[in-house]
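Going in written order, the chains are labelled A, B, C, D, E and F, and every chain counts its residues from 1.
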Amino acid sequence: MCLAIPAKLVELRADERAMVNLGGIRKEVSIELVPQAQVGDYVIVHVGHAIGMIDPDEAERTLALFGEMSAMAATESAA
Amino acid sequence: MCLAIPAKLVELRADERAMVNLGGIRKEVSIELVPQAQVGDYVIVHVGHAIGMIDPDEAERTLALFGEMSAMAATESAA
Amino acid sequence: MNARDDSKGGTVRAGYVRPLDIRNGRIDMGHGAGGRAASQLIEEIFLAAFDNPFLRQGNDGASLAIPQGARLVMATDAHVISPLFFPGGDIGALSVHGTVNDVAMMGATPLWLSASFILEEGFPLADLKRIVQSMAAAAREAGVAVVTGDTKVVEQGKGDGVFISTTGVGVVPHGIDVSGAHARPGDVILLSGTVGDHGVAVLSQRESLEFETTIVSDTAALNGLVADMLAACPAIRTLRDPTRGGVATTLNEIARQSGVGMLLDEAAIPVKPEVDAACELLGLDPLYVANEGKLLAIVPADQADAVLAAMRAHPHGADAACIGSVTEDPHHFVQMNTRFGGRRVVDWLSGEQLPRIC
Amino acid sequence: MNARDDSKGGTVRAGYVRPLDIRNGRIDMGHGAGGRAASQLIEEIFLAAFDNPFLRQGNDGASLAIPQGARLVMATDAHVISPLFFPGGDIGALSVHGTVNDVAMMGATPLWLSASFILEEGFPLADLKRIVQSMAAAAREAGVAVVTGDTKVVEQGKGDGVFISTTGVGVVPHGIDVSGAHARPGDVILLSGTVGDHGVAVLSQRESLEFETTIVSDTAALNGLVADMLAACPAIRTLRDPTRGGVATTLNEIARQSGVGMLLDEAAIPVKPEVDAACELLGLDPLYVANEGKLLAIVPADQADAVLAAMRAHPHGADAACIGSVTEDPHHFVQMNTRFGGRRVVDWLSGEQLPRIC
Amino acid sequence: MKYIDEFRDGDVARRIADRLATEARADRQYSFMEFCGGHTHAISRYGVSELLPANVRMIHGPGCPVCVLPIGRVDMAIRLALEHDVIVCTYGDTMRVPASDSLSLTKAKARGGDIRMVYSAADALTVARDNPERQVVFFAIGFETTTPPTALAILRAQREGLKNFSVLCCHVLTPSAITHILESPEVRQYGTVPIDGFIGPAHVSIVIGAAPYEHFAEEYRKPVVIAGFEPLDVMQAILMLVRQVNEGRAHVENEFTRAVDRDGNLAAQQKVSEVFELRPSFEWRGLGEVPYSALKIRPAFAEFDAERRFDVGYTPVADNKACECGAILRGVKKPTDCKIFGTVCTPENPIGSCMVSSEGACAAHYAYGRFKDIPVKVSA
Amino acid sequence: MKYIDEFRDGDVARRIADRLATEARADRQYSFMEFCGGHTHAISRYGVSELLPANVRMIHGPGCPVCVLPIGRVDMAIRLALEHDVIVCTYGDTMRVPASDSLSLTKAKARGGDIRMVYSAADALTVARDNPERQVVFFAIGFETTTPPTALAILRAQREGLKNFSVLCCHVLTPSAITHILESPEVRQYGTVPIDGFIGPAHVSIVIGAAPYEHFAEEYRKPVVIAGFEPLDVMQAILMLVRQVNEGRAHVENEFTRAVDRDGNLAAQQKVSEVFELRPSFEWRGLGEVPYSALKIRPAFAEFDAERRFDVGYTPVADNKACECGAILRGVKKPTDCKIFGTVCTPENPIGSCMVSSEGACAAHYAYGRFKDIPVKVSA
């Protein structure tokens, strides 16, 4: 449930809105729920609103751990 | 101006309305403006209302006079 | 789920589709989306009615044997009538007749029809089925096959129940050359029957105009009549069905196309008394009222009697009449000697023919 | 007036008609009533754009030379797209491509088109002219002639600007027999290029979905590509353009029609990154998104390379790929090995494909 | 159809034509004005001109409610539809009357105005009942015939307490227009328009009776013959006018006794006077402002008066400069005197109102009368 | 697409699959519930099941907002459109959910209801602004992800003083549903549904954070792994669950650290609590009444609450008797256990809600999973 995807914030606009770029397509979304978002950030877009943000380091780390021998370190009870 | 045609009243209906027959087609019209009209009368229909009636004797007389040698009798200053 | 577990469940009948609810069902946007719902609609309503090997091929087009003859003819008509069901017919039959007649008016034998449907969301399936069955019956009667089709659905408020565009293909026998451009001064103008029946039947149903009449639409396929006429006289110059705009406009079209004038005899033009009466009531002229089962023919004067006899021998031409002749006239006027004894121009229809009060 | 007196007045130019006001004019009901206004619309907009001897005949149908070949093909499509103008095309070009492609998918060379227009009262003449000119350009490019047509006008609120139904007639060369029923297990499935471009380009314009993309509709006539493919391999089994319902639905249709299954390779199916992205955003699957300039071909395995080479040599097939093969399957399932390494059914589209939130 | 077909008999027409040929004196011209478009239409459609002696000339009068409707009144109806989002109901006749900005009701409808053709004022009431959330305005035009049905609609709306129905009243009065023509300088002073008599209205007279015309006969010494709208009625009326002229009489005669008497339809007159009162002045297309020539809705029915309910003031708009409608309606000019007749101004693109209704002098001549001087050659 | 494509890599998938094959003990069964439809969808669409060991079974949970929407709530939206003549705006997902009387929003639209699909709650506001003469109701469904945008729309409507906008609030809460399942007799007492652990929501957790799940891990001794909706996320989460089970642990672990932290999006939480408050009880399709499992609009925003503005009381409606949706949503049954799966109930004619959304267990199995036991024979 809850279709949402990471898209790159490429332009801040008036009225707490921003332009995001997703694989070449651009769409204006509301960033009222992630007021801290800046150009270059990846926000998570759901029904026309950014509802969260991607942490690039964590993404990197998750990818690196996929299928590794041992359990992922330091994820217990959420970061 | 004022498209209006004689049609035979074939049925009195409620609410000061009546069914008329014109050459085989039947239409309901208002007879509020000719409350005296009875079944068998020819009423003159204009925009869905009977606005007058045909006097059959006068019609007969007019037809008989068409193109006669002398002027029509007794029509001066209207009947 | 885990795949292996699920496979132990009930049997999946992959091909099974619950039949359409014709009684209560309505068209929704899914019926036009090209998926399984659309496929089901085609199968249960269109294929069921039009059933023929061309459609059963199941392709996006029909594959047809190349016919023998002098030339092919192709004609098309969009049908947008309201009400969809009217005395004497419905949009389904009309959409077959309208195009079959256009093909026949080229002197051709109509063979195949395509049908494209634009349905409005919410249109009752029962009405659709009735219309399609009426189309199928009309096609059978005219001896043509509906060989390919298409269906689209538009949102409510962006259509009007159903629009049907049909295209017909037919073949002209050798030795026949019929065209609106072939009328010549001296030719005789024949009309296959009474004028205005279709238009008056439809008008009688219009909200706020309603009147009662026994007049029904004349909608009919005229290819049989045309075949008999051409058999009697292969030299027929022009054939045309006086639909929208009526006899008056159709004759003006031919006059312009052939570069001639025409002179009609009002007294010779057959009009049913009820049609005359309805026109009086609404301020219309029967010469401008649409017909859907009548034709005008222009023939060399010396063959007029033969053609007229052939027409009168056919059920769709029983009331045929000679209504005038072609004249030389650089203005391409259609004129008419009135029954009253005068003469007047019979002009093109201008704009819509609206009921008048004055 | 007394007739004799009036004749002394100004000169009457009987044939003169004031030209249409294309810039500000709009369709009104009179343009569909079949009178002089309708005739003017046809003359100044349709004839001006489609100009050809068939239309200039001025009849209600076209008279055509019977073509040489094995069989005739007839196909039809109704076009109801919104918006009428979209990135990469408009309803005019689309209405030519849609039908030309259906004819071509039968292995035929398209020759003639009919066009039926249903115009909504109030539609700007300028838009109509633009659309008709685009149609004419598309027809020229595809090498087909619009040989006959019809125009109707519906009241405002009973249409959606303009609907165009086209019917195409073409001829199949001797030795060609293409059908959706001819796929056989072991055959190879070819796709002429990237999927979903048309649907995404149109979606990008939908009110409230609007997004910016460089994707434009792929709308194109594919008869040239088909001719090259058939030259490379006259034994092509099946050709079909994956329009509404997309590649997924079209393959399911063929599977059912031929009584086979299919197995696709997701990794082999070309999808533009932006199309992928738009589908992610809206919760759509590119396999169900409409194409208007792509084709699927099913060919004997031993000739797949030759056909693929011919496709890639043609501008409309530059991105052609082999995307799977035909299987034996009594359920007629279309399955797909996912790029991820799994396998799944690729079902028919059910209902409409609506943007999702979850 | 009884009482119609008998009055269109070509054989009888020839008998009247023969009498006219005999009785019209070769040594003089006869010019008669048929006031009504109904007569104009009959003359054109049946080819009556063909049957008249060369020295009898018919002049079209202003008796077409569509033709005399000034541009500014059509503009009001269009503004109601396009700016006030009102449903405008109207008779089919008014749909194509040219208004300002190249509009007409037909074109305003194509631009999104909710404009509906009705057959009767009563149908406009039905539209109002069916659309309680919308305001519905009946654009009421016409002479004394069409006024009583409008009065009935207003009375019924009041009885039903309809809150969304009103009337844009453009009803005009026949006798005032005739007076206006008789008072015009062309007729009265210069004699440029020699009117030897009038064919009086048919259906208007059913309602108002013959008496109102007696004044003209006496005051202006012009014979008047009230005549039906069938072609034989018209021919007979012309014969009767020729006879009056020949005998030097100027009376009101009634050819239409089968439907008209001296007093008219009193029931209808009563309804009209209950709902309407005289306007001090009203603009007629072609005639300009004509005093006491139209009706307005009485203050007691103010809520049904669209002019009071909506803010749509009347702005007079001049006709196209080339258009000769005004002169034609006064009988001063003929359609073919207009430089743009049949070229720029056609029934498809009417510039003036006379080209709209098939009763309009220009439309009638365009549609029916253009065969003049064109020889009919049947053989090739 | 960055942060998407990397998480769909088939090669990495095989690596995780290998590890799973190694680590899943052959001597036991693993049953995990993925709460979210997003995970269900990923499993189906990418064919994840293919890559799991035979003894790892995934149970679909109730985490599809469309699937849990009770018939009676859809009926309310339909009544608003058909009986109250309201413009109903809704997400595309709800259009085909079967309601009473064989209707759905799609079918109600075909019957003349003015029902419009929107992409965002903000678009419903636009519809309201553009149609000031109509009432506009946003039919709001969804979990904690979709609720903040609805809150923003209501706040903005208040700021703008919109008088024709309201919300039919059907927002539900994830943790209450999980509790409900854990409290169900099948799980708690009879053990007919052996749930060894949960894959926790992805996007919901972005908003509410990981903390709310800690309670389950502790209270019910069930491991929870919060995971993204990409197929690698799902596989990795399963691997992490297998490891917890193997090690006898029951913790909340977070596979989705790139987007989820312990506290969630505080700005979003603040907007939600400003506008909404807990409902004491709410019906979930399949689960029945679940206490404190949904939100309603606070009295301060009463004018934007469609349930207060319109007289549309809620009437519970039982599911079709044959439909097993309830049991399927609780993990008790599988789609193929339903007698009418794939025959009477298909995506074209869904009988139960699980056949509607492509996240629904039945729809997912119908669309993606029916190839089981069908051999693929390519050569003729």
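Note that contacts are C-beta pairs under 8 Å (C-beta built on N, C-alpha and C of every residue); 3 or more make two chains touch, one makes a residue touch a chain.
Per UniProt, the chains are A, B = HypC1 hydrogenase 2 accessory protein, CMGI-2; C, D = Hydrogenase expression/formation protein hypE; E, F = Hydrogenase maturation factor.
Note that the structure is predicted; figures quoted are calculated from it, not measured.
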### Query
Stepping chain to touching chain, what's the minimum from subunit B to subunit D?
2
### Message
Since subunit A and subunit B are copies of the same chain sequence, what is the angle of the rotation superposing the Cα atoms of one on the other, rounded to the nearest 5°?
### Response
180
## Note on the structure
Between B-E and B-C, more C-beta pairs in contact link B-E
### Summary
So the chain most remote from subunit D by C-alpha centre is B
### Centroid comparison with subunit A (C-alpha atoms), farthest chain
B
### Task
Look at both sides of the subunit C and subunit D contact and report whether the same residue positions are involved, with over half shared, or different ones.
same
### Summary
dist(centroid_CA(subunit A), centroid_CA(subunit F (Hydrogenase maturation factor))) in Å evaluates to 21
### Query
subunit C to subunit D: how many Å between their CA centres?
26
### Task
Could you tell me the distance, in whole angstrom, between the mean C-alpha positions of subunit D and subunit F (Hydrogenase maturation factor)?
38
### Query
Which subunit A residues sit where two or more other chains touch them?
1-3, 5, 22-23, 46-47
### Message
Residues touching two or more other chains, restricted to subunit E (Hydrogenase maturation factor): which are they?
### Response
1, 4, 37-38, 49-50, 64-65, 91, 106, 119-120, 123, 142, 146, 346-348, 359, 369-370
### Query
So which stretches of subunit C touch two or more other chains?
14, 28-30, 36-37, 273, 276-277, 280, 331, 333, 350-351, 356-358
### Query
Can you name every pair of chains that touch?
A-D, A-F, B-C, B-E, C-D, C-E, C-F, D-E, D-F
### Summary
Within their complex, subunit D touches subunit E (Hydrogenase maturation factor) through residues 1-10, 12-14, 16-18, 21, 24, 26-30, 36-37, 40, 121-122, 156
### Query
For the complex, which residues does subunit F (Hydrogenase maturation factor) have touching subunit C?
43, 49-50, 52, 54, 56-60, 96, 102, 106-107, 109-112, 334-339, 341-344, 346-349, 361, 365, 369-370, 372-373
#### Entry: Parts of subunit F (Hydrogenase maturation factor) lying in touch with subunit D, wherever the complex brings them together
1, 4, 8-10, 13-14, 17, 37-38, 44-51, 64-66, 91-93, 95-96, 106, 117-120, 123, 126, 142, 146, 231, 346-348, 357-359, 366-371, 374, 376-380
### Task
Write out the stretch or stretches of subunit D touching subunit F (Hydrogenase maturation factor) in their complex.
184-186, 208-209, 261, 263, 273, 276-277, 280, 282, 285, 325-329, 331, 333, 335, 337-345, 347, 350-352, 354-358
### Query
Which bits of subunit C are touching subunit B when the two form their complex?
204, 210-215, 273-274, 276-278, 280-281, 283, 356-358
